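Questions regarding the structure given below will be posed in turn.
All chains are identified by letter, namely A, B, C, D, E, F and G, in their written order; residue positions are counted from 1 within each chain.
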Amino acid sequence: MLEWLVYILVLVGVFFLFIAAIGVVRMPDLYNRMHATSKAGTLGVGLILVAVAVFYQELSVAARALSTLAFIVLTAPVAAHALGRAAYLSGVKPCEDTYIDELAGHYQANHKLESVDTEATQRRI
Amino acid sequence: MSWLLVLPLLVPLTTGILCLVLPGRTAQRVLGLAGALGLLAAGLALLAQVQRQGIQAVQIGNWPAPFGITFVADHLSALMVLISGVVAVAVALFALAENDQAREGLGYYALGHLLLFGVNGAFLTGDLFNLYVWFEVLLLASFVLMILGGSKAQLAGGVKYFAVSLLSSILFLVAVGLLYGATGALNMADLALRVERVHPGLLTALSMLFLVAFGLKAAVFPFFFWLPASYPAPPAMISALFAGLLTKVGVYALIRVFTLIFTHDTGFTHSLILWVAGFTLLLGALMALAQGELRRLLSFQLVSHIGYMLMGLGILTPLALAGSVFYALNHMIVIAALFLLAGLLQRLQGTTVLVRMGGLYGPYPWLAVLFLLPGLSLAGLPPFSGFWAKYTLVAAGLQAGQYGIVAVALLVGLLTLLSMGLVFAEVFWKKAPEGARAAPGGLGGRVLPVGLLAVLTLAIGLWAEPLLSLSQAAARELLEPAGYIQAVLGVSR
Amino acid sequence: MEILLAFLVGGLAAVGVYLMLRPHLIQFLIGFLVLGNAANLLIFTAGRLGSQFPPLVQPSGAVLEPYANPLPQALILTAIVIGFALAAFGIVLFYRAQQALGTLNAETILEAPDVSPAPSPVDELPTEGVRR
Amino acid sequence: MRAFVYNVVLTIFWMAVTEAFTLENFLVGFVISFLILLLARPLFDAPSRRYFTLAWKLPRFVLLMLWEIVLSSLRVAQAVLSPRMPIQPGIIAYPLEVKSDLEITLLANLITLTPGTLSLDVSSDRKVLYVHGMFVDDAQKVIESTRESLEKAVLEVTR
Amino acid sequence: MNTLILKTTSRFLFTLLLLLSVFLLLRGHNEPGGGFIGALVAVGAYALFALAHGVSAARKLLPLPPLRLVGWGLLVALLSALPALLLGRPLMTGQWFSLLGVKLGTPILFDIGVYLTVFGALLSAIFGLEEAAHHPSEDA
Amino acid sequence: MSFLEVMLLALMLTLPFALYRLVKGPTLPDRVVGLDLITTLSVALAALYALVSGQTAFLDVAIALALFAFLATLGLARYIEYRGHKGD
Amino acid sequence: MVVAIIVAFVGALTAPWLHRWLGHAAGWVLALLPLGLAFYFASLLPEVVGGQTLRHSLAWVPSLGVNFSFYLDGLSLLFALLITGIGTFIVIYSGGYLKGHPDLGRFYLVILLFMASMLGLVLADNIVTLFVMWELTSLTSYLLIGFHHSEFRSRRAATQALLVTAGGGLALLAGLILLALMGGSLEISELLGQGQLLREHPLYLPALILVLLGAFTKSAQFPFHFWLPNAMEAPTPVSAYLHSATMVKAGVYLLARLQPALGGSEVWSSTLMLFGLATLLTGATLTFRHTDLKRLLAYSTVAALGALVFLIGLVPLTDYYAAMGFATFLLAHSLYKGGLFMAAGAVDHEAGTRDITQLGGLFRVMPLTGVAVVLAGLSLAGLPPVLGFIGKEVLYVAALQAAPAWVVGLAVLGFAVGAMLALLLVVPFFRGQPPQKVHEGPPSLWLGPLVLAGLGLLLGLFPGLYNPLADAVASAVKGKTVAYHLKLWPGFNLALLLSLLTVLLGVGFYFLYPRLQAWMAQEPIPGPENAYVALLRGLMRLAAGVERLLQSGSLRAYLAWIFAGLVGLVGLALFRGGALFWPAGASSPRLEQVLLLALMFLGAIGALRLRSHLAMVVVLGLVGAGVALVFLLQNAPDLSITQFLVETLTAILIALVLLQIRSIGPVPRGRWLDKGLALGLGGVVTLLMLGMLAQPFEPHLSQFFAQKSLPEGFGRNIVNVILVDFRGLDTFGEITVVGLAGLGVWALLKRRRREEQP
């Protein structure tokens, strides 16, 4: 019974990893690709790690598997943030379909970021 | 007495570490010299031990061979260690006078002794992979020493030295890996027994990898280019240390593996080594003639004379091998002396470019003597140590009917003599050119180590028997590996 | 598997060598790293493959067979570390060389900026007009 | 914080008396001593008492997060797998209510992990979080839903 | 990189990485890990901190300058090799004893030496380069 | 081939996608995303292999990778921030 | 005898100190050293003349069979007496000639060292000892010829002499070693008895050629004669000593010494006669070109050396005339030539010129020197009643006995030039006016010439004084006992007629000389020296060319050489040894791993076309990760972790550095050479790996580790136990490497920070 749970977890995990991979290929620009890895990727890995925890039914193994998951959850968004920000700063333009870009023009020469007049923004939308 | 065998390792290591840990300038200087003297003493003790009791082996970590790492001292190893101690002492003395606070602040003493740590490890280890590690130790230490101070020339030379060394490193690694894969062994004595089961053609091909990897270290044709590109760059004492020790490690490794492991097809491998030796000798000597700068000239001489050491290995008779060993030992002293001397001249005249030098014979006659002793020794003239080295090789070559290489060896002797003669004429005899720099200050304690080495080459020349008979003992052991294997593995072939 | 690895190692070695022969020294360094990977795979293969278990002794004291040959692993670990140290040093060396020499072109880093005439046994070296 | 230290000290004492220094025993001891401390809650001052609320807010928070991740992944999957790629990407400025470093960071990271949004950067004056959205058909809706679910959750845990 | 998110996260991840590093070091003799791996992770911790907060801030989190650590690491390794010599055994022969049921020995000490050396050396490289690469706009 | 082994193979089949992005780019950050994906996949592979082989030791690979690999992304991001996405 | 030689060397070493201490008187005191040695050797005369040979030997390098051994018979004794005897006067003469020269102390040192070496050379029994002394004479003469070192001409002459003589010495070394190998001994005295064996040995001819090369270069035989006149750049005492009586005679000595062992073959006699004659004629002919006293004497020396070599070639062909002629002519020449050189120096010293056309009327102002020149001139001309006459007489007798008539005729022509030279030398003393302020030099300058020339007269008048020693010399050269009665007046014979002819021709030449000289000095005559110069210029050009070709300065070229060497050597060995394998019994490929390997390869190839280095690093990250995954799937968790970590840190480091430097490479359009080398190397690596995998593998090491890891290493992670225990020393080295790298990086960067500070 537990075995089946493991199989399902793994299967779904692999599925999401596939989604992440395909997303990285198919998505139109960098920022959208990062969505694929940071979400589907995290989920996919997470499911497989949970499968490991379930499979061994040992506290020490589960602890390691779940802390791995925790680490990924901790680090993946930071990495995505750093990369997205750097890419934007270096001039990687969002794809043409991009609906709105409120960040445009707000980075100063020394990479400091201005805040925007939120009222004005809300009006624009 | 197993500690005696690891002493040449522990002394420089401890010195190097203490230099890293103790920041005081005085402490470092004292350690720098004490460590070198200690190494010399350790080398003497080890040689005495080997003399008395034959080949020594110790199983590091007490794991029996071939499973752990074995350290072995036969005559060859012990002699190499001893002479490296001599060079170390000379360079340490020079360094005491030469070093400024800046270089000491950059860790000169620690680096120097860690270099010696690697060199002696390489001389003493009985394990091929372990040898790789020692090579890397001495390599990295030498990289850092080479760029210490960071002048443009040093960086330009350092880049080339580094690049080629990387290549040799990886080559050596691959060679060890392949040999391990073909035999399952890493211990050199174990390898000597197991290579018999390897397909001979494959074994020859593997031996070629070692030839290239060690040939790069030894700077033989066609792998020598890095040496003249880099050795002239660092301060003289560092060049001297390198010239004295580093290429000899390559030569040592070649001698070791091509007497212990790859002896199945000497008709091919060792003939090839002879060709390599011949080209190295000739091209090195020729290119030395084209040099107008002393240290670059010496670098080409260094390359050329590596050929002599390979010549003995290629001929592979007891006398020839003894010649190789003796040549290597002699050359360590002589070339270190010459590079140090270049340092003295640099200090006196502010340059080592021959055309801008001159006029030293009158005011510095003893300096002329200090040049002539090692210079003529390098050319193989009596009554200096270099003569016996060349004599032995020539005699061995004639005995073995290898007339071609003997002719090359003699010709190169003449070219070397010409080269040294030209240097002598330019630096000492020629009038100082207009505006030549007047000697500032003086040379201070820098002269002492050069003098010691120069006297040593003369002393060995006059009384060659001890070192020659030791070299012969080394050669006998090399040609009869059973003793080595017995000492390491405790079994006979 | 071993045979495939032999071909992969050869292929990686070719790529590494090709990069090492490029004129830019950073490419040389990258080539070295590729070659290092190839070398590590080579050593790994040299210890033979086909294992099913890692070389860990079970708490019971037994080693599950066939275990992966631990020796090449130890050798590779050492080699990786050394290679890494070399690479780290090299990266900084190249950086400094670029700063000091203004180039990292393997063909233009000169080794004898001071080209001085060699003395000859039959013709005198010019002593006039020698810049010091 | 002090409560947590007490908890750990008690756990160690538990392990000592049961003479078993294992991970399992640590967990058992931790839970038992936590329950005991829960009884003794009035003995602690107000800031320390936050430890006990956190103890049950945190798991809820984590579960919420997991759920959000699953949802967002499904959304991505849908987008990735559909042939026409129905996305409407955009970068929007999200006016922050949270103030402290920890809160901002937590929120930003959560936004990245949750449906269709990805934090790009925080303005230097910490007033605005710039977010890349995959499905920005209505920016205001994105902002509001985020404020309702994520920012609230963060504030619950941190304050 | 001057970002709030990274700065905040890095404080937490720094300790986490250090913890992982010690974990990998100590269990290395029995499970995957060991001095080298542990040291790399520790270097990662400091590299992260330096990236987020600047090198000088990271240096303050070190008890000794990195190069001094190299010296001490090598010294520890050397000291682990010597007891055997004093007892008349070959260099580096492992000397073991039990403390509270835990098997301790010179090889473990040696691994700690490895840890310290690698940590110090790589950190000196990372810090040095970070300082060299320091960009004016990164001033926090 | 057991189910898990099939899954292992399936997981491996995601790598070509990453390779595509890696080689294709077009910008440096895109390649970094590719590398990031490879890291994530590697964590998954390590975890899955811990299942397939029955050896929990491989979980340690996953742990180390999970906590460490993002440093590369950070380092590269820093480069991109100051030197641009074209790589120079 | 050994002691004598050691005393000679040690005595020489004291010279600079004695000079500093004693000042001008040093020459006289230092002369006591050769004088004492001369007396010592003279005291051995009775034994040697009595037919005894003396041998003294010290073990020197016993492991090579090299002894510091010495052998005294008539030949070596004669030489020893010449060396020490003439040496005595030379030292005295030097004190006068170089009075006040700042380098005089050094000069004493070197010339006495030379004397000691020369003494060692002629006494040596062991061929190694002989060679050592031989090269020492070359070396010391180098320093002596270059005494006026600030002149380029002096330096060039010194280098030339060194190159020619030391170069010949190297050939000699090879020849001597061959002889020793053939004869089975390093002792000359033992080789002498093995002439038969040596001559029949297949290596006889090469050995002979090598020995002759050594002897001919040293003794300035054609075509190596040119260095000797050039060596006249040396101060006169040097010429008087080295270039008349001693060093240049070393080659002659050696030939005479080895005559019993090597002589007796057709090739020996014909070669020696041919070259001897050629040298004689060359020396004679070139005499006409010069007016410089020392040059004239130098060419005359060349001629005399030719004559001596010619005589040695004759020795096996005649019963004893040639040997006796050798003994006599050798001594005569040494005496008159030494005297003449010193006299020429004295004239130069006092008159300020050595040009014979500028000199005149010297006898009035320098009578003692004049007497010496007249006596020596008689000897040079071969006129009675001096020893030179006897020497030439016996020579003619020997030549007539064994040489073809045309050879004898040519020899007469050569000697006639000697007679002419004698006239040229003597006449300025009597004709014309002396230059102003010229007067006789101090005793140190005229004592030597006078004594040497006088000795020539004495022995000419009383040849019986020399006869016993001459017999001993001739016996040594001949290889069997010779007893010949030397007389001043041999009676009328063909030889006497030839002598007369010689003198007449000489007088004739004397009158032709002014015109001939003017004509011959006009155009440079191409000779072997041109070849020497061309050879060396060519050598230097070749050297520069080779350097340009090989040491081009391009790292790429160096690497290409290395790769080419590697592929070539390994490829050759593989194909030659037939080591091409397709291993059987490898583990079966697993699908997911095959996929992984393929991806790694594609990634690596894909990275090659990128321009950005960092992009390349990122793409190659796939290879790094792939390797880690291979390790993972092959059950090596430690490796996998390490690989991942290291790849990550490497990427960080590279990114950090590339932040600072330009990192776009040129668009990689590779050279065919690079591609070929890359493919070649890849192929070779694959072949090697396949070969390796085909070998049976023994896992004995790993089995041991697996067994002992827990029970004796107390660790369950075998890899870690190997690292910290089984092979802990590797790891020790490894961390040293890492530490050094850290130190290096720090040193590199620290320097930079300092530079940045103002």
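Rule of thumb we're sticking to: contacts are C-beta pairs under 8 Å (C-beta built on N, C-alpha and C of every residue); 3 or more make two chains touch, one makes a residue touch a chain.
Here the structure is a predicted model, which is why all the values come from computation and not from measurement.
S.K.: Using CA atom means as chain centres, which chain is nearest the centre of all the protein shown?
M.R.: Given all protein C-alpha atoms shown, the central chain works out to be B.
S.K.: Taking mean CA positions as centres, which chain lies farthest from chain A?
M.R.: Of all the other chains, the one whose centre lies farthest from chain A is G.
S.K.: Count the touching C-beta pairs: is E-F or C-E ahead?
M.R.: E-F
S.K.: Approximately how many whole Å separate the CA-defined centres of chain C and chain G?
M.R.: 44
S.K.: Between chain A and chain F, what is the gap in Å from one C-alpha centre to the other?
M.R.: Using C-alpha averages as centres, the distance is 13 Å.
S.K.: Rounded to the nearest whole Å, what is the centre-to-centre distance of chain F and chain G, using the mean of the C-alpha atoms as each centre?
M.R.: 69
S.K.: What whole-number Å value describes the gap between the mean CA coordinates of chain B and chain G?
M.R.: Chain centroid spacing, chain B to chain G, equals 25 Å.
S.K.: Can you pull out the residues of chain C that are in contact with at least two other chains?
M.R.: Residues 20, 25, 28, 42, 45-48, 52-54, 56, 71, 75, 77-78, 81-82, 85-86, 88-89, 91-96, 106, 109-112, 118, 120-121 of chain C touch two or more partner chains.
S.K.: At which residue positions does chain A touch at least two other chains?
M.R.: 20, 22, 34, 42, 44, 71, 74-76, 78, 81-82, 85-86, 111-112
S.K.: Multi-chain contacts only, two chains or more: what residues does chain B have there?
M.R.: Expected reply: 13, 20, 60-61, 110, 129, 133, 136, 140, 143-144, 147, 150, 159-160, 163, 167, 174, 178, 181-182, 186, 228-229, 289-291, 418, 421-422, 425, 430-431.
S.K.: Return all touching chain pairs.
M.R.: Every touching chain pair, ordered by label, is A-D, A-E, A-F, B-C, B-E, B-G, C-E, C-F, C-G, D-E, E-F, E-G, F-G.
S.K.: Within their complex, state which residues of chain E touch chain B.
M.R.: 67-68, 70-72, 74-75, 78, 84-85, 89-94
S.K.: Contact residues on chain E for chain F in the complex?
M.R.: Touching chain F from chain E are residues 1, 6, 13, 16-17, 20, 24, 31-33, 37, 40-41, 44, 47-48, 51, 135.
S.K.: For the complex, give me every residue of chain A touching chain F.
M.R.: Against chain F, the touching part of chain A is residues 6-7, 10-11, 13-14, 17-18, 20-22, 24-25, 30, 33-34, 37, 41-42, 44-45, 48-49, 51-52, 55-56, 58, 61, 64-65, 67-69, 71-72, 75-76, 78-79, 82-83, 85-87, 89-92, 111.
S.K.: Would you tell me which residues of chain D are touching chain E in their complex?
M.R.: 101-102, 104-105, 108-109, 119, 121-122, 126
S.K.: Under the definition above, what is the set of chain A residues touching chain E in their complex?
M.R.: 71, 74-75, 78, 81-82, 85-86, 109-112
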